[in-house]
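Letters A, B, C and D mark the chains as written, and numbering starts fresh at 1 in each.
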Amino acid sequence: MNIDINSDLGESFGAWKMGDDSAMLDIVSSANVACGFHAGDPAGILKTLKAAAERGVAIGAHVGYRDLAGFGRRNMDPTSEELIGDVIYQIGALQGLAKAAGTRVTYVKPHGALYNTIAIDKRQGKDVIDAILAIDPSLVLMALAGSQLVEQARAASLTVVTEAFADRAYTPEGNLVSRREKGSVLHDPELIAERMVRMVKEGVIEAIDGTLTKVDAQSICVHGDSEGAVAMAKRLREKFEQSGLTIRSFTATA
Amino acid sequence: MNIDINSDLGESFGAWKMGDDSAMLDIVSSANVACGFHAGDPAGILKTLKAAAERGVAIGAHVGYRDLAGFGRRNMDPTSEELIGDVIYQIGALQGLAKAAGTRVTYVKPHGALYNTIAIDKRQGKDVIDAILAIDPSLVLMALAGSQLVEQARAASLTVVTEAFADRAYTPEGNLVSRREKGSVLHDPELIAERMVRMVKEGVIEAIDGTLTKVDAQSICVHGDSEGAVAMAKRLREKFEQSGLTIRSFTATA
Amino acid sequence: MNIDINSDLGESFGAWKMGDDSAMLDIVSSANVACGFHAGDPAGILKTLKAAAERGVAIGAHVGYRDLAGFGRRNMDPTSEELIGDVIYQIGALQGLAKAAGTRVTYVKPHGALYNTIAIDKRQGKDVIDAILAIDPSLVLMALAGSQLVEQARAASLTVVTEAFADRAYTPEGNLVSRREKGSVLHDPELIAERMVRMVKEGVIEAIDGTLTKVDAQSICVHGDSEGAVAMAKRLREKFEQSGLTIRSFTATA
Amino acid sequence: MNIDINSDLGESFGAWKMGDDSAMLDIVSSANVACGFHAGDPAGILKTLKAAAERGVAIGAHVGYRDLAGFGRRNMDPTSEELIGDVIYQIGALQGLAKAAGTRVTYVKPHGALYNTIAIDKRQGKDVIDAILAIDPSLVLMALAGSQLVEQARAASLTVVTEAFADRAYTPEGNLVSRREKGSVLHDPELIAERMVRMVKEGVIEAIDGTLTKVDAQSICVHGDSEGAVAMAKRLREKFEQSGLTIRSFTATA
């Protein structure tokens, strides 16, 4: 039985460092690599891509709003023309760098505010889908499990992979508990690992009210922005391996 | 007998318009399209690429320094790592947009200060060459006729196309007369057209001192940033046609 | 009887030109000068400020979202901390350039999406108000006549000047007809001038349904982004002068 | 006997953190605060300014080239018009934020490549001087001890404070040993502290060849970009205090 682990990488920018890409690349099977709009400078991205290529980690284009100052976390309302152009541009730039690094982009994961927006906003969702179709319809779209985007993208003939968040609490309906609510973020590495093993094997997560909720996810998102986060991701990987699960990307790598 | 005419296009940015891309695409056989670092926003670039694709105009990546405020016209000294990354990123981004527009990038023309720098600076020249080799060694490099870059790039196995500037005066050595000097820029469309026909047919240009100088150029650069410039480019094209020359890109288009 | 005419100026950016600042400065009594976040580079802003200083035109800080690519016209949701910081930064930058130009900033007019947002959004409205209070409580806030911001800012002890838009249709309730609706933008310079004279003298505008609506505005916004716009603004100024009105800023200039 | 200690602060940008401003503000008497062009976002700058104001630390505008991706460390050749505008803009922006933080800007320290360039380039040096004169001639310019800029700025009637670098080796002529040379950077906190005490008390530093060289500096630059750097700065302050020196800014704070 296979499961994919993904994480956001390549998010340094010039003199500013973020995350421990090298450590995370030993843990994950898929790397969501920043494309320069919310984070990532070309030279730094290229370094991360080379390190990912060496380890056979799959590459996703982590496309975001054009907002370095806000790290792509602020809602924006680009026109469709703008959003389509911005997404194609970012994917193309990463494809170019990936080629130079001896690997290739196999999927697209929208970042931050764009990710959250298209989980519910069909217009921007369509823009992202149209952009992917325009540049390469074989690219897989990574989307929030249970979101409207999953159906929207599949209806448009895109291959979709759904993801769950290792450290987040879920509602009885299978949605993420809002970060504004108490208990929305989990901190115990052991508990997190156990929940994720159960989700992979049984397709359920214990919701915040104690009930079981179905979550259908082929990939699990972990973070690498602090020592604690890296340790948590490491523990998850170990637990998966101990449980007989194979950590493997949902796409072939280059 | 064939000759290529090229021009800088796609240089609008958001609300700011520059040049008349539509008019110029009826004149040129090659479009140097901005890649977002010195000019060009993705939606605008995509529009220009679509218009170029419709007319069968060849697409070049007009790569520049990361300097929107200075339009890529200010000298900079990026490290090799930075410059290589920036050039690959820009080419990749344009390749992605070109694919979405139903065409492809066939050559690379450095822009502004980068163009001038690598005509004489071997370190930055090597960075640009390495970047092209890393993303796609079949891309043609467009370089200033007579510059050191021509030999440097050919020695690195790149295909090089050399260009002349229609409206510029030349020294007896075949170099451009510096813009700071009197008479460096020509304004008479008829004279310009005649000089270029002679250059194409005989391989010589009358230098600023009246002597003839050899200029070996397969492409001619024209501008489209004013009504006068567009008219001058139009006259050049007519003159070429009347002289039995075929205006054709040096590369196949998509 | 006095009336102020204001317009958006200083909106060029590097190599990209926008508007005819020189022509507009002969027409308006108040210049909303871009501060670099949605438009305007320092050297260009400084030039506009010097030209405004020569003519005794009052200077307003035209503060916007940090969004050059979108010209500040796209909705964004900065945190309060970010928005307060961004507004203070922009006002301070313009104050510095104004001092160098021999003039001073006397008012603040939010731009584009920020302007529209704070007409209805109290949180962002409070952020802008707090920013002004933090840097200089004597700065006047220019706000849309009839918007909630007017009361909100006055309650916070700011001096507020309300403005009407010369070329826009009004609802019977005194609000702007949405740009998405037919007839929302007027094009006849003579009609526009007559409507504005009536508004200044009688405090009413004929609404889109033919009824009269009260509009209480001390300043009138005109555009300068095309030849037609400049001509329309010129006609408005003439009409005011012929009607015995004095075009004068609502604040003393330096 | 007084001596000033200065450090570069406010250099975070959005989600990217840099340095430990809080720790450094307990050590230094002068804070060179980023102005947004090479580093620093308004909200983060404001926070640093408030912390500096609480501790009575003097504020300098750390102005740089417009180059976030290169952290202002790459040489650029802006025109005089551009550089003057950029410097005024940055100083004004910081003045605005400083006012909001209850303090004020008392000096200007150029950053990175601009700092190095104007130590030897009179044209750009004049641009920076002209910018300071245009916005506020009472601002002190902080310059490299022994550089041509010191005389150039004094000849233009600016007050100049010269600085030495605590962790750098000096040539027998009193210049910094190039970072490219071996031994150019010192690492022993005790040795560094002793050298600086001697420089303050006797006006000399032991050069890299063992001879004594005169260095006339009223301020000493320390770094805060790593734990080791902070510890080194702390040791320097202690040593100064033990040696009977008073750490005090060369300007009055607000």
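We take it that a contact is a pair of C-beta atoms (placed from the backbone, for glycine too) under 8 Å apart; a residue touches a chain by one contact, two chains touch by 3 or more.
Everything numeric here is computed off the predicted structure, so don't read it as measured data.
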Required steps from chain B to chain C (each step between touching chains, minimum): 1
Chain pair with more C-beta contacts, A-B versus A-D: A-B
Euclidean distance of C-alpha centroids - chain B vs chain D, Å: 43
Approximate Å spacing (C-alpha centroids) for the pair chain A, chain B: 39
Set of chain D residues in contact with two or more other chains: 41, 69-70, 82
For the chain C and chain A complex, residues of the former touching the latter: 66-67, 69-70, 74-78, 82
Of chain A, residues touching chain B in the complex: 36, 41-46, 79, 81-82, 84-86, 88-97, 99-100, 131, 134-136
Contact footprint of chain A on chain D as seen in their complex: 12-18, 39, 41, 68-71, 73
